[in-house]
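Heads up, the next two complexes both have subunit A, just with different partners, subunit B and then subunit C.
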Partner chain A sequence: MSLWQKLACAALVLVVLASFAANWLAPAGYAHQYREATDAPPSRTHWLGTDELGRDRFARVLYGTRISLLLAPAAALLSTLLAALIGGIAGYLGGAWKRAAMAVTDLFLSLPWLFLLITARALLPLNVSPLVSVMVTFLLLGLLGWTSAARVLCASAALLRGSDFVRQARAAGINGRRLFWMHVLPNLKPVLFAQFWISIPVFILSEANLGILGLGVAEPMPSWGSLLKELEGLVSVGEEPWKFVPLILLVIVVTSFQILLSRQQEVAA
Partner chain B sequence: MRGLQKKIAGHLLGLIATILIGGFLSASLVRLAPGFEVDERELDPHLSAQSLQALRDSRRQDENIFHFYLHYLSQAARGDFGKSVALGQPVRTLLRDRAPLTMRLIAIGLTLSWSLTVTFALSAAWLRLSIYDTATTMLSGVFLCIPAAVLALLSVLWNVPGSLAIALIVFPGTYRYTRNLSLKAYAQPHILAARAKGLSEARILFWHVVPVVAPQLLAVAGVSVSMAIGATIPVEALCGFAGIGQLAWQAAMARDLPLLVNITVLVTLVTLLANSGADVIGSVIRGQEA
Partner chain C sequence: MADGHTQPLLSAQISVCYAGKPPVLRDVKFEIQRGEVLGLVGQSGSGKSTLAMSILGLLDKKHSHIEGEIDFHDSDLLKLSERELRALRGRAIALVLQSPLSSLNPALKIRTQLKEAWRAHASGSGEDCIHAMRTALQNVSLPADDDFLRKYPSQMSVGQAQRVLIAMAILHRPALLIADEATSALDVITQSEILSLFRELNRSTGMAILYISHDLASVAGICDRIAILHQGAIVECGTTQQIFDDPHHEYTQKLMAAIPRIQSSAGNKTHAATAR
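Up next is the complex of A and B:
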């Protein structure tokens, strides 16, 4: 592990620990309103000030980080499983199955990612409870984000299909289903892990984009996207620099993932 | 030549099939969306019972999804793409009015992005200085880690053109590929031989590196069009540009499904055309090299 990777790992651990200690670090919670101190600058009681509804920004950043860091991996897991099923099976079966699966993948990939996301989000109800909006947002990311991973897994599974050990297993009379689950899928593990880790920063950034555009997590639930929406009200960059803390945190986390992923990306390629 | 014609025909067939399937899926979503069966015209108190019945009969035909899609296609073939629910205007007018601004933004954004990409990537491969390479990779890495919508907001705060925001959103994606391709091309043995023979760097670049990387770069260029289209949504929505990106965002916020379907078909068409065009030109270049 290089020095940069060690630093990235330390940064991620620190941010994750801080977000999970939100209940102790900010016991008032993310929705508690300090009505006597709305839009207040940083102080001893409110380290990052308060928002226009008087909610402690530090608490919201911690809870928002927790939501983004918990649900982005969950969405990545869902998308990787879908990619393994669709891409892996299509690559293993080959022929018409592979062509059909890749045609569907191409259809998805022909649309820009953000455009696909907002279109799909628009088809689902927008006026829902905050918890449902969190689920809908990350479920959508997981359900739509499998395509590029499926392409890679399809190619890897197709390679394995023609490998000597699979041919030998077939010749030994092992049935196709057993061959796929017991021999092909375990050999796809490195690619699956790589795709899983690669998806996490992509989903974090996607949620942030959706949140800023008003199609993400609903109020009062915080997420990095909804916290970054505050930047819309700024007149100049130097005006209220503490409002940039969620952005700095997001950049640190995504950069850390990118540094740690440099090896994984080689595996995925 | 025959192979190229076959390739173009294959791309055209694929494009038509994708558009038809994509259009069918989009139209199905509109048909199945809540509220499709409701017609506001039925609330008009001036309509007689016969008129109301006629309205219901005409709508009943659309209950069959295939009939609905054929009807949609025949109308689209005549240039009637329906009416926006939220904006109350024909979709065709909305798209026609907003397309020039989006096209200009994308064209300038892509030009800026590719200028930055080619300058940094080729200079990094040519100079072979690890500090310079690290610095340019870090620069692209920073932009990769900032959400596109934040870059759009920052462009408003710093009062810089929206096209620059599009360029910076697209830049990290194109830079990484171009840098890797250039480094690989410069590491080829024939480049080493050319250097040993004393050929100038400019001649090596234009005669031995660019022709090698051009087909792959064209493929990346095709993908960058799709990236730029995606980038127009946050840039236009947050910078207040009345383009197709803003229209897509407004349609999403208002659940304006007819508008959304038509924008989806349009975006799919443009993206596929860009990718197919890049692939065909790449094949021509490869053919000439062979």
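Up next is the complex of A and C:
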């Protein structure tokens, strides 16, 4: 493991631990309002100051990080499972099944992904509860983000279908369902894991994009997207640099994921 | 050993062609008697594996066309449904492929792979399964202990992997074993051991073997009869003795001439490097 990979690993561990220790590290809950100190600069009480409603920004960053870091892997898990089912089965069955599944995948891939997310999210009511908004955002990301992974898994399953060990298993009289579950799927694990890992930073960024547009996790619940929304009204970078902390954190986490992904590719190779 | 007066175990007369290509097999006709070891020899691309896959019904039906009939146990294999063929595969007709390490699933332990092959045709208890696995492993001279069953294919030698494949193939005591270039990827010592194992299994269980190879020398030691496949047709078929002593077809003569010979230092006699 290189120095950069160690640093990336340490950064991710630190961020995850801090976000899960939010109850102890933060001075108050993410929705608690300090009405006497709205839009306050950093101080000993509020390390990153407060927002325009008087909510502690440090607390919101910690809780927002927790939500984003739970949401993205959950969405990645859903999309990877869908990709395994759709792409994996289509590649294994081949023929018309493969053509039909890939036609649907091509259709999804040809649509502007972010625009589709925004449209789907905009169709839902804006005044949903924070918990429902988290679920909806997670489901949308997972349900719409399986296509690229499905293509890769389809090609991998088609390769496995023609492999010697699958032919040998067929010659042993093993039926098609068992062939898929016992012989194809276990050998797709490395590809599935890579696709899952690739999807996490993609979904973190997607949620951030939705959040900036006000279509992600609903207030008062914070997420990186809703925290970045605060930058909309920023006039000067130099005046309030602490407002960039969510953005810096986002860049660090996404970069760390990419660095560790390269490590995983090295191990796989 | 073969008994020419009884009804053959398998009788085939087939032609196979792949879409848009010239025929791979042209009216290939042969029989395998019960308990017989038939060698099928031909160079790469002569259609040997296509013949093996045709018998097992594993050719891609969308991209290939088979004509003729393959009679096995009073039924034409070419007329059976996929379900009926699946019931025969592994139970009545088994296959051992060329490359042992790529023919075993790299993600599964040997125990799981043997269990899957057993469960394809049996529904007994876990103990029955373990007993069948251990017996099969002992029959191919492999350790049948838990340590061995816990191994992955990557933790075994090529020879061990080939024996595991053979153990999987004989789990259900099939009447016919198709060995498709089963010793081609092995070193000469392991090849000799596996050939002896095939011979021993044939003698002890009465299982017929269709031994497919491009190497005439390797089939000499175990086959009762040899069929020579050349450009998609069987050009010569006879007992091993006949083929080696009096090859008729030009291609068979070429194959015989290609067998390495060594000059004896004691005299001037030459010896074919065969296992005869």
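In the analysis below, the second predicted complex is superposed on the first by the 261 of 269 C-alpha atoms of A that agree within 3 Å, B and C clash if a C-alpha of one lies under 4 Å from a C-alpha of the other, contacts with A are read in each partner's own complex, and residues count from 1 in each chain.
One rule holds for everything that comes next: a residue touches a chain if its C-beta (ideal position, glycine included) is under 8 Å from a C-beta of that chain, and two chains touch if they have at least 3 such contacts.
In this text, all values refer to a predicted model and were calculated from it rather than measured experimentally.
J.: After the alignment on subunit A, I want to confirm one thing: do subunit B and subunit C clash, or do they fit together?
T.: Verdict on subunit A: subunit B and subunit C fit.
J.: In the superposed arrangement, does subunit B or subunit C reach more residues of subunit A?
T.: Subunit A has more residues touched by B than by the other partner.
J.: If we overlay the two complexes on their shared chain A, which of subunit B and subunit C does A:163 touch? Say first, second, both or neither.
T.: In the superposition, A:163 contacts subunit C only.
J.: Quick check on the superposed pair: does A:127 touch subunit B, subunit C, both, or neither? Answer first, second, both or neither.
T.: The answer is neither, since A:127 touches no partner chain.
J.: Quick check on the superposed pair: does A:107 touch subunit B, subunit C, both, or neither? Answer first, second, both or neither.
T.: So A:107 only meets subunit B here.
J.: Pick one for A:232: touches subunit B only (first), subunit C only (second), both, or neither.
T.: first
J.: One more residue to check, A:182. First (subunit B), second (subunit C), both or neither?
T.: A:182 contacts subunit C only, not subunit B.
J.: Determine, under the contact definition given at the top, whether A:171 touches first (subunit B), second (subunit C), both, or neither.
T.: second
J.: Who does A:95 touch here: subunit B (first), subunit C (second), both, or neither?
T.: second
J.: Taking C-alpha centres, what angle do subunit B and subunit C open up at subunit A, rounded to the nearest 10 degrees?
T.: Spelled out: centre of subunit A as vertex, angle of 90 degrees.
J.: Quick one: minimum Cα-Cα distance, subunit B versus subunit C, in the superposed arrangement, integer Å.
T.: The answer for the closest subunit B-subunit C C-alpha pair is 18 Å.
J.: Give the list of subunit A residues in touch with subunit C in this complex.
T.: It comes out as residues 95, 163-165, 167-175, 178, 182-183, 186-187, 189.
J.: For the complex, give me every residue of subunit A touching subunit B.
T.: Residues of subunit A touching subunit B: 106-107, 110-115, 118-119, 121-123, 126, 201, 205, 208-209, 212-215, 225, 228, 231-232, 234-237, 247, 250-251, 254-255, 258.
J.: Subunit A touches which residues of subunit C in the complex?
T.: Touch residues, subunit C against subunit A: 56, 58, 62, 86-91, 94-95, 97, 99, 102-108, 112, 116-117, 120-121, 165, 168-169.
J.: Could you pull out which subunit B residues touch subunit A in their complex?
T.: 18, 21-22, 25, 29, 33, 141-142, 144-150, 153-154, 157-158, 226-227, 229-231, 233-234, 237-238, 248-249, 251-253, 255, 257, 260, 264, 267-268, 271-272, 275
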